[in-house]
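Each of the two complexes below includes chain A, the first together with chain B, the second together with chain C.
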Partner chain A sequence: MSVKIFKINEDLKEFMPQEIVDLEEKATWGNPKRGVMDLPYSKELIEEHSLCAGCPESAAFRYILASLPNPEDTVIVNSTGCTSLVFPHIALHTVHPLFGNQNSVASGIKRVLEWRFPDKVKDVVVIAGDGATIDIGLDCTLQSFFRQEKITTICFDNEVYANTGGQDSGATPKGMEFKMAPGGKQWDKVPMWQLAIDSGCHYVARLSVSSPKKVEQVVKKAIYVAREVGPTYIHLYTPCILEIGLNADQGLWEMRQRDKERFKFFEYMTDEAKEVIKRKKEEGLL
Partner chain B sequence: MAKLGPAGYSPYPVSVTEGVLTPPPGKALMFNEIVDEEVAMREAAKAMLTRENPTIFPGPQVLYAWNEEAKRKAKFVRKMAEVLGAKIIPMYDYRPKYPKIDPEKEINPNHPNLTIWHNKIKACIFIGVHCHYANVALKIIRAETDCFTIAMCSMAGHEDAMITLRDQHSEDLEKFIRIAEEVKRELGK
Partner chain C sequence: MPEQVKTEKVRYNRMGQRIVSPDYLLFEAPRTKHFITGSEAVKEAAKRASVDASISYPITPQSEAAHMLGELWREGYIGVYFRGESEFGVMSEIAGCAMAGARTITTTSGPGTLRAMELFPMWAGSRLPIQLVLMARGINSPLSIQPDNLEIYFLLDTGCMVWHAETAQELFDMIIAGFVVAEQPDVHIPVITAIDGFFISHTREAAYLPPEDIALPPYDPYKAPMPPIDMEMPPGRFMRDPFVMKSNYISYATHASWQFEVRAAIERSRPYAKHYLRGLVEHFGDPEGEILFIASGTAAAQAKEATQILIHEEGIKARVLRIKTIRPFPTEEVREAVKGAKYIFIPEFNVIGWLEREVKRALYGYTDIPIFGTPRVGGGMTMPPEFIVQEVLRIIGKEVKHVG
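What follows is the complex of A and B.
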């Protein structure tokens, strides 16, 4: 896609709302060095969000959208869940496929884009919740890894089906109780990051979104590696403060607690991924 | 023709249910009749010049300078608004707006009726709106408002608009402006 698509015709500019003019003038298009440090100064690619006040997913969204190295040529594939209410608001191409088949759809999009625009870099990023990635869509997720599709998969893990009232998911830790799962989860949390490694991902990271700069780094690494080598996976902890009974201002506190235990920062990369990351660092892009 | 609907057209939500289809190349659709393009242009200009609060809704294909044709069209849209004494309210993209749109400044294809109700618009022109969203918006407007809709489409047209002009490119917009000026003089405006 050309950046021209965001350039407003001068003859009609005065009729455009300010936020759309800002999107042309103050958003960080065409700059691979863009990042979370631009957030206070630039126009964000998300206008508003419809998530709960203080939801860590909204922070994750902001950091990821600020970190995409090539937003004008990025297609995001999302899935059903709280996040699917937000995607229509962002100023990028997004596709909402059926619940769980997001990685299959992303695979198709990536292949077609490579065929249609062989001389352009087009990134395809899947952003889906733990239900879509680990439970309902596990087959499609893993199959895309097996097939070595050049896509980045980001899982927003809130450890529960929050949008439907609190049923336990594959990502819920053993013993955790929710409103619709009063007996507590009977089995262990699915170690999706490990499954991603075993299934052939070249870059895998597990973290919470308590550190914006760290989120930026892993998103950029994952996208650069996916472009050149193969599938990459990021597992982000984005707790549902509503379902675990916290206030709107306690999301960050919750994530910091989990940073020390089950969401302790973990990063894995293959030798090929290491080479790409080293090169990108030398180019000043990481 | 079926019973009159809110805008004097049809009570059915989708005009294809009555067998109304887009016009063939070189022709225009006025209600459910295939007519010459010039006839439709005159009626469109008349509707815009005689009904209350005429408004042009430009879509992304003319709002953004993505090619030379879009730049030319933007100039003509501006000129058209001047000749018709119409307001311009943009449909700049198709994202739903949370918590709600500002109907004085924008129109959204998912609830275009809000802008039309708020501004009491009785005639409007859709131009540069991608077909799939123009189709949705025109159906909602037709069902929910008494606004006279005119679609100036660069492709095959929209049967749900009361007047549909198809294959409209910058030279056609120029022609429409010329006709609108004539109609304006005839109406003594």
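What follows is the complex of A and C.
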């Protein structure tokens, strides 16, 4: 456990920015029961965010960071896109490697942390968009699953390349019109959650971020299973309200619509994963 | 009363090898003679370097070196090892290993280098002291697995140090020196130790190696200029506001200054490289030679042979300035060495002549000595010393007596 790294030297405290002091005093460290219910009362691990007003991705970030069971020993690897703008605002060790190689970099980090710290639990979590996970990075994503890397991969699926101005991605549903699919996308949405199952993930969940409590549950399950068994995958719908023409207050409404169809809650787990989840429930951690 | 014995604490690495100083390992330890290939030199160097991680991918001619790094992992000398999915994946995985605080080594060749190209500036920009052993081969197309070092040219401005070894012996020493120089806190950038594939990787030659039970001190990631990604140090929130994709003058200046800083780190490697490589260049032949070859790697070995023929059979004073480090480029050494020369020849195993460009840039405005980027071969062609001599004699207008 490395909570001590957030302790500020008393002599320097008066010079530190308030948000850094708050991280020491009001953030939830060393408590695996932390969760989204702490959000109004504790210091969040994300300081502001640089996304659009009302962006569901920003909600996803807040819920995930509030749900990490072991933030003091969690490393996050991200990729290029809207998400990469947020990482410098996160109070954990984060890496922006390149576009699409996030799961490869995470594999290297996880293996070396296991080698360097055999007696500590160090969680490695990948957070990347649909373009990074499913298109340009599909090889690295799936290969990390094949190799049974003990990492959790979270895909923020907004069904479009949003940061580059709205081009269709592998996750765009067929027929939807974006800037590189004039007249509508010609092939189907890639069922990434199914590919994750077929490629060896031990826990897979698909959902929108309309329910914070649900996000907390799947994040905790995925991290606990990855720690002990092998790769886990979470596919989250975080619509780009800008690119689909919605207002800042309509993100939640949009997600609730999709909850009934292509982002209907779906969960898969192997027998080994079930055992871990059962045990964690008995321990009161889920 | 027992005599007071001066004791020094003996330290061992995870494999149980006694830890010695880089100077002892490179210059002082007793050495024994071995008959090894360049690939085996990689293994022997890694074995004595307290390596934490290595990731591999098959491509000729580097595969054998990568196999042997796997053997070292199996034997316990290396902590983490596996075969990645592609060179892009491998160079990403090794970056992850280095970010997490490991001393790392990997290998690649030709098309693999180009497949992984996006990673090299990322390694440098992230200040990762990764060692890449590059066994140069032709770049497609058409398909070629033959020796040709065109690929080195692509790497010169990635922000990595680029060294070029001439022999298996030098590769062994360069790999050990590579870790030491790359990991200096004021350097801390990747090092690419290149050789010409097949010529060095697959041929056997005598090499003198220190004992196997001594090794370099382990890498200490907490001396790095950037915090390792392990949540054991305060998070490096040096980007309170991400400078990427922001269109303002501060973001441009930040990005530009970081690029200058990476290049400055290469410059700061000079004194360390000079010490651990015993100079950035090697002088060979008649110090008063009017024919001066400037070359690196296998081309330098061939130029040395040609020099012997010129001196002993043609009666022409000749010498070689062998460049060991392409980055940092030994500009001062080159300017000093050309004094007294009448002709400069730059033989190369690639069709574009990247070393000629480097030398001409270093000498621009400093000398009027004619510079000939020849002979130059590619695609796997050999460069016999007789061919070099013939080219020299033709250009300086002398009769070709002994060769033809």
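What we mean here is this: the second predicted complex is superposed on the first by the 283 of 286 C-alpha atoms of A that agree within 3 Å, B and C clash if a C-alpha of one lies under 4 Å from a C-alpha of the other, contacts with A are read in each partner's own complex, and residues count from 1 in each chain.
Following the convention adopted for this analysis, contacts are C-beta pairs under 8 Å (C-beta built on N, C-alpha and C of every residue); 3 or more make two chains touch, one makes a residue touch a chain.
Quick caveat: nothing in here was measured; it's all calculated off a predicted structure.
By the touch criterion defined above, A:F117 lies against chain C but remains apart from chain B after alignment on the C-alpha atoms of chain A. By the document's definition of touching, of the two partners only chain C reaches A:D73; chain B does not. In the superposed pair of complexes, A:R262 makes contact with neither chain B nor chain C.
In the superposed pair of complexes, A:S107 makes contact with chain C only, with no contact to chain B. After superposition on the shared chain, chain A has more residues touched by C, the comparison being chain B against chain C. Once the two complexes are laid over each other on the shared chain, residue contacts for A:C140 go to chain C alone; chain B is not touched.
Once the two complexes are overlaid on the shared chain, A:F6 sits against chain B and chain C alike. With both structures placed on the common chain, the touch criterion links A:F15 to chain B but leaves chain C unconnected. Looking at the shared chain after the overlay, A:P88 reaches both chain B and chain C.
Of the two partner chains, chain B is the only one that A:H49 touches; chain C does not reach it. Residues 2, 5-6, 50, 88-91 of chain A are contacted both by chain B in one complex and by chain C in the other. In the complex of the two chains, the chain A residues touching chain C come out as 2, 5-6, 50, 72-75, 77, 84-85, 87-95, 97-98, 101, 104-113, 115-117, 122, 139-140, 143, 147, 163. Residue ranges on chain C touching chain A, taken from their complex, read 52-53, 55, 79-80, 82, 84-86, 88-90, 92-102, 118-119, 122, 227, 229-237, 239-242, 244-245.
Considering their complex, residues 2, 4-12, 15-17, 20, 47-50, 88-91 of chain A touch chain B.
Residues 58, 62-67, 70-71, 74-75, 77-78, 88-90, 92-93, 95-99, 102, 105-106 of chain B are the ones that touch chain A when the two sit in their complex.
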